[in-house]
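Have a look at the structure below, then the notes.
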Amino acid sequence: MRPVSQTSANASTAEPVPLDRAKQLAAALLSERGEASGALVARQLHDVLHALDASERHGFQHYLATEFRPDKAALRAAAERYLADSTAEAAAALAQAADPPRQELLRRMNMAPGGTSALIAMRSEIGPRLRGEPELKLLDADLRHLLASWFNRGFLELRRIDWQSPAAVLEKLIAYEAVHEIKGWDDLRRRLAPDRRCFAFFHPALPDEPLIFVEVALVEGLAAAVQPLLSRDTDEHARRAQAERADTAIFYSISNCQDGLRGVSFGNFLIKQVVEELQAEFPQLRRFSTLSPVPGFRRWLGQELTCDRDTNLLRDVAADGWWQDPAQSEKLRPGLMRLCARYLTRPFVPGSRIDPVARFHLGNGARLERINWLGDTAPRAMAESCGIMVNYLYDHDSIEENHEHFVRGEPIVRSHDVDSLLANK
Amino acid sequence: MRPVSQTSANASTAEPVPLDRAKQLAAALLSERGEASGALVARQLHDVLHALDASERHGFQHYLATEFRPDKAALRAAAERYLADSTAEAAAALAQAADPPRQELLRRMNMAPGGTSALIAMRSEIGPRLRGEPELKLLDADLRHLLASWFNRGFLELRRIDWQSPAAVLEKLIAYEAVHEIKGWDDLRRRLAPDRRCFAFFHPALPDEPLIFVEVALVEGLAAAVQPLLSRDTDEHARRAQAERADTAIFYSISNCQDGLRGVSFGNFLIKQVVEELQAEFPQLRRFSTLSPVPGFRRWLGQELTCDRDTNLLRDVAADGWWQDPAQSEKLRPGLMRLCARYLTRPFVPGSRIDPVARFHLGNGARLERINWLGDTAPRAMAESCGIMVNYLYDHDSIEENHEHFVRGEPIVRSHDVDSLLANK
Amino acid sequence: MRPVSQTSANASTAEPVPLDRAKQLAAALLSERGEASGALVARQLHDVLHALDASERHGFQHYLATEFRPDKAALRAAAERYLADSTAEAAAALAQAADPPRQELLRRMNMAPGGTSALIAMRSEIGPRLRGEPELKLLDADLRHLLASWFNRGFLELRRIDWQSPAAVLEKLIAYEAVHEIKGWDDLRRRLAPDRRCFAFFHPALPDEPLIFVEVALVEGLAAAVQPLLSRDTDEHARRAQAERADTAIFYSISNCQDGLRGVSFGNFLIKQVVEELQAEFPQLRRFSTLSPVPGFRRWLGQELTCDRDTNLLRDVAADGWWQDPAQSEKLRPGLMRLCARYLTRPFVPGSRIDPVARFHLGNGARLERINWLGDTAPRAMAESCGIMVNYLYDHDSIEENHEHFVRGEPIVRSHDVDSLLANK
Amino acid sequence: MRPVSQTSANASTAEPVPLDRAKQLAAALLSERGEASGALVARQLHDVLHALDASERHGFQHYLATEFRPDKAALRAAAERYLADSTAEAAAALAQAADPPRQELLRRMNMAPGGTSALIAMRSEIGPRLRGEPELKLLDADLRHLLASWFNRGFLELRRIDWQSPAAVLEKLIAYEAVHEIKGWDDLRRRLAPDRRCFAFFHPALPDEPLIFVEVALVEGLAAAVQPLLSRDTDEHARRAQAERADTAIFYSISNCQDGLRGVSFGNFLIKQVVEELQAEFPQLRRFSTLSPVPGFRRWLGQELTCDRDTNLLRDVAADGWWQDPAQSEKLRPGLMRLCARYLTRPFVPGSRIDPVARFHLGNGARLERINWLGDTAPRAMAESCGIMVNYLYDHDSIEENHEHFVRGEPIVRSHDVDSLLANK
């Protein structure tokens, strides 16, 4: 509230340029003044930062990244002491000496209203520049460390999102949906109809900002294709009846919302807790499964197929709109389905990459349940997944065991269906 | 929900004793299993811990305190690398190698519902034993580090507490009031009357648990004694009229509630934000001041006074009920008042101790405004403070400057009133 | 809030005395001025009324009761028209002409904040005086008519009350409990323990005021005595386990809170909806029953028993503390139990009075399930009910049928147990 | 929810057709069965009604309108008694006898969840048919009477609507805006920007349904045209700064939402309370004014102008797009402005109609402040108001007096500006 008068009080003396003012405030925040008036100084700092332009912000980020290191002499002394006598106490003293003052500074920056949000925005901004400006990596690592601690599962709140949610939250879903684009408010409404559920994690410091959200369809039988789920049938009564008949929950979209929280994982917790919520609301549900793309399939195909016959297949797949020609589609189907099953069940080989979506769900303990032909014919899905979609099944009783298999590098846990595909010639 | 079936599945094999089971789960929580099913394993661990008796809990605490050290070889290597070349990157690598796995384990224990509360309870339990079992200090330090980060000002919520608050919160005030005991619900109601305000910090992970709270009386003029503030006048209309006439807010009690959060400071933030809240609700308020005890005065008096005349004074002060005899009280008054002023304004001398309440408020930037004769005649107040109470004044415009003076060890900032006392012979 | 300035502005002209001012404002409220500025005038009126003393309030109530009648000429004309030609339209015109302006005035008084509450308080105040001042009956009837319409079931909100409820609501339970006194906050807490439930109806215009509340104990088997339910066992874990084991919900206290709403019935709705709530939360509950006093039993006994043997019984029952002597208690038991069964199952005879508690529950469709010896040994229960308590059972499938039987004056629906008592000699 | 099982249980006996079932339930609801199980029977009735088609619903409405009259013999007797002796008691007895059972039935229909909403929908449905089916008027009048009592100002809640409001509420604004159409969610967002306010009345029984809402723009100076207010400038910071600079609140749209509540007036209360809310949030506001259409102007013009010169004016005004031609616009301006001033300030003459918007605001105590040339150039505004918009000013200190003038038929209270227009030749 007062930074203005304070600033103008300094007006007779040389008024610092904004970036310098930000640096001064950051230094003050770590000093004793920050200890007494931390929240106030932090607020002033954020006010100044808010008014910086992009290049000044970059300057400030470099300042944070390169200053605020541990005290060199003290750290050397602690390292030497530990090498001389590696007790637990010496290790603790070393840890303390090595703890970068930058982390304490960032913690103090968090004290102001909006501080958490500003730190996440800062990490989001430096992300794309890490490769070109590697000195930012230390700042990035410190931010990641703090955010992982602050966004601990124990501090997250699961909230259902529906048509009763504030518009300020709902517009974020439209903005953040990363898998199947939401085309405006009418489309959003369909995603929140009575036979749909949407859940998100929130953090108390970011009340209107979902961190990650999942969209679920309540259906009969295991859904094989996404377009029917996205159609805009909005008759309330029909949708409600559908929810009552449903025996299966299909997780058809899961989106991370905050780039500044990359590397802090929520999806694993989210799916498992949503399964519990759904089970409580709909005791008749018997199956919980995803309907997921295979985003690495097409690229792998290009690397994998090299003989002449393969070249023909690749050429066919590259053709425009082949899937709209039933004959052509049926011709390609057996081969692509078998190849996709192979792609998803290959043993790990150093250098080969597992499909990111598969890794996420299999690593969480899901089972590779079914591979669906032409499950998504949207352009991006055709380009990346050849239109194939996969059901990863979350079965409460085998999640832990499946996860152990996966971690030990044992063969991918899968259904007979998938085995049959692999057995085809 | 399922731990039972899992346990019984193991029943044929030797079922571990609870403490061993807790240790196994703690180890599992740090392993890859914990990465996949962290929230579940953490919940199981807390369920097991909850059923331990005190001696088993102590066993588990020692296990936490002595295991989960950094990897010795890796830490030595990182220390050597840093000594060889003290770059920022080597410092960061060293910090990472020194980061105790115990902290990560504690972070994962926090993932379960009630985890934060359980960790605070653990720290509360080891507190009194730190002196006798110094090996617990590493666990205490790690808990303190995490809790300080998690209970960052940016994550705290200031809430007004009044007669609309849930009983589950109100009963905590009765339990935690540390300065002027609340004698049951009727007394509590008086403290929440229309001419009173009570504010507390809460953390989202502990929704019913105040972390610290402050009680405020809205009065006319600077209150000199606490008994009138504690009297049970509960006429609603009179209290409301009093609130409207008030020109001064008196902070007459401030209590920390969570022993497990000792060393994480909230009071500074609390007072400053409450001043803002009160100013907004009652624009006519012109003064914000405490009415505080001087808990170290009597002890200091005992050490300070050594000559014969002094001995007489000490003997008089030790007499029972002297303050109820006006003549005796008036006789003692000038001397004790002058001595108290001296006590509170002494320069720092290594080895001497500043009064803890004075340090808190002066360190926050308050000014020593007035020393009040027989401000509190309750037994403890007589025993510790010779009945004297002090007003520390929070004046928005001089808080920062006062704080600077204090930090630099300059003379205590005080009013003319206090100076006059000092000048007396 | 009191329009002091306005009043004093008028001070030079003849300032009306408060009662006259109230009458003026009431008249203004019904006039065109009230149509335009109704909420404002209503607020002024309530401010003035608030400052009246009891005798002035009585004066205002008489003013309301005797003025504001329908226009006599218009009503006579409408009555004549209807007698000449009894069409539906003429009936409607007659109804409109007969509608007392007092009701419209009361509706307008309701427009101010706190208006509903003030009208209820007014009805509460005139209640005890209706017998002596019969002219108030018209006002009472109009208030009752409006309040019954406003407190329609569709506008009531059922809320669970527990230890999370605001103290401002909880203190009302202590004040309003009419059956088994709540002795302070600790006792209240026991009534809200995990094996208890408390539900109340609220109206949006009275947010902190329960209208009626019921206290429920979750127990095993049909509770026969109330003292065990009122004991202060507060171990949270034991109580929680008890709730999980319970197969029976005992409604052991139901209290109306607002005397000003007498004659507007809520109890019937409350019990039925609470049964639904409990069934949803505890699907294992198999029985829903009251544990109720028989407040009219002892008086009936005095009227009924006239022969010598009877006189002995009456004398024994009048003796102090007879129930603490096992021999005496066993001696009296068979006779009193049989008489109580007879009292509760007598056929209606003009001039005889049915027990009010029995009428309430039997009229709601409950069944007379069991009569319990020494179910409540508190003084009032001994004096009114000879210590006997009754279980009225609410069985979902027979409620409507039982109610029909009751309405048609058919024999009281009861269990074999009760029949056996009646068969005893 | 549909009582299917119950219905099918009756299937062997003759199952009543739905309309007959509805009539039976309505009759039962008024009977003793309804007294005991009112809420249940009401729920069944609404379930049956919900499944009726439009023609069956009309049948039920006629049933309600023609049955449920007062008892003829009793009413005649009461009328005769009153004519014989016109005491207050006889009047009250007559009122009671005349009270149509239909009102009690409608009150009981309100006991079911959703009952209020269903009754409002019923009244909305019969509205357009009243002229053709006059027998429905009695039902309409009874519904209106009850709804006016239930939607008493004291039961309404004023809520601010903003981007934090649930989408389920916001979509109603889009649907119900009656003055300046809201073109989708982006347009809505503009109406809820930081320099705008939107307030609505809600009733507890209709939690997501605004009853009436008003849109306010915070501006500098008295706004003369609506198009600038509707433009989509959405820069948050600029809007926030605008709100802080504003000295005037412009009420530019006020819409009733529930056709079933026609004749129950809310607008008067709404504007006055919103003025209070705005004054509290923005103490710097100095003026509260509408920017309103003159919907009756053009029609009046056609009736008023009859001479040749007038005919030319009417022809000019009827021309397409004349207002886009500055010359033509300036030519027409003086005449139309003067005529509009005359239209709005004419004395009442029996048979002449006052402009409905003028009547609403002037009747509420506003002052005719300014007439604005081309304040709204949307097609409907040109067709009805010749593009003219009017500021009606709400000045706290003169509202009551203005209202009195208006009621007494004295000259319309207006500014010098308007007087100048009238003085023009």
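A few points about this structure:
A, B, C and D are the chain letters, set down in written order, and residue numbers restart from 1 in every chain.
Just so it is clear, a contact is a pair of C-beta atoms (placed from the backbone, for glycine too) under 8 Å apart; a residue touches a chain by one contact, two chains touch by 3 or more.
As the structure is a computational prediction, the values presented were derived from the model and not from experiment.
Counting steps between touching chains, the shortest path from chain B to chain D takes 2. Distance between chain centres (mean CA atoms), chain A to chain C: 57 Å. Averaged C-alpha coordinates put the centre of chain B at 48 Å from the centre of chain C. Distance from the chain A centre to the chain B centre is 38 Å, each centre being the mean of its Cα atoms. One finds 38 Å separating the Cα centroids of chain C and chain D. Shared contact sites, meaning residues of chain A that touch two or more other chains, are absent. Of all possible chain pairs, the ones that touch are A-B, A-D, B-C, C-D.
Interface of chain D with chain A (complex): residues 163-168, 170, 184-185, 189, 208. On the chain B side of its complex with chain A, the touching residues are 2, 32-33, 36-40, 66, 69-70, 72, 75-76, 79-80, 82-83, 86, 88-89, 91-92, 94-95, 98-100, 107, 110-113, 115-116, 138, 141, 146, 149-150, 152-155, 157, 204-205, 268-269, 272-273, 363-365, 399-400, 403-404, 407.
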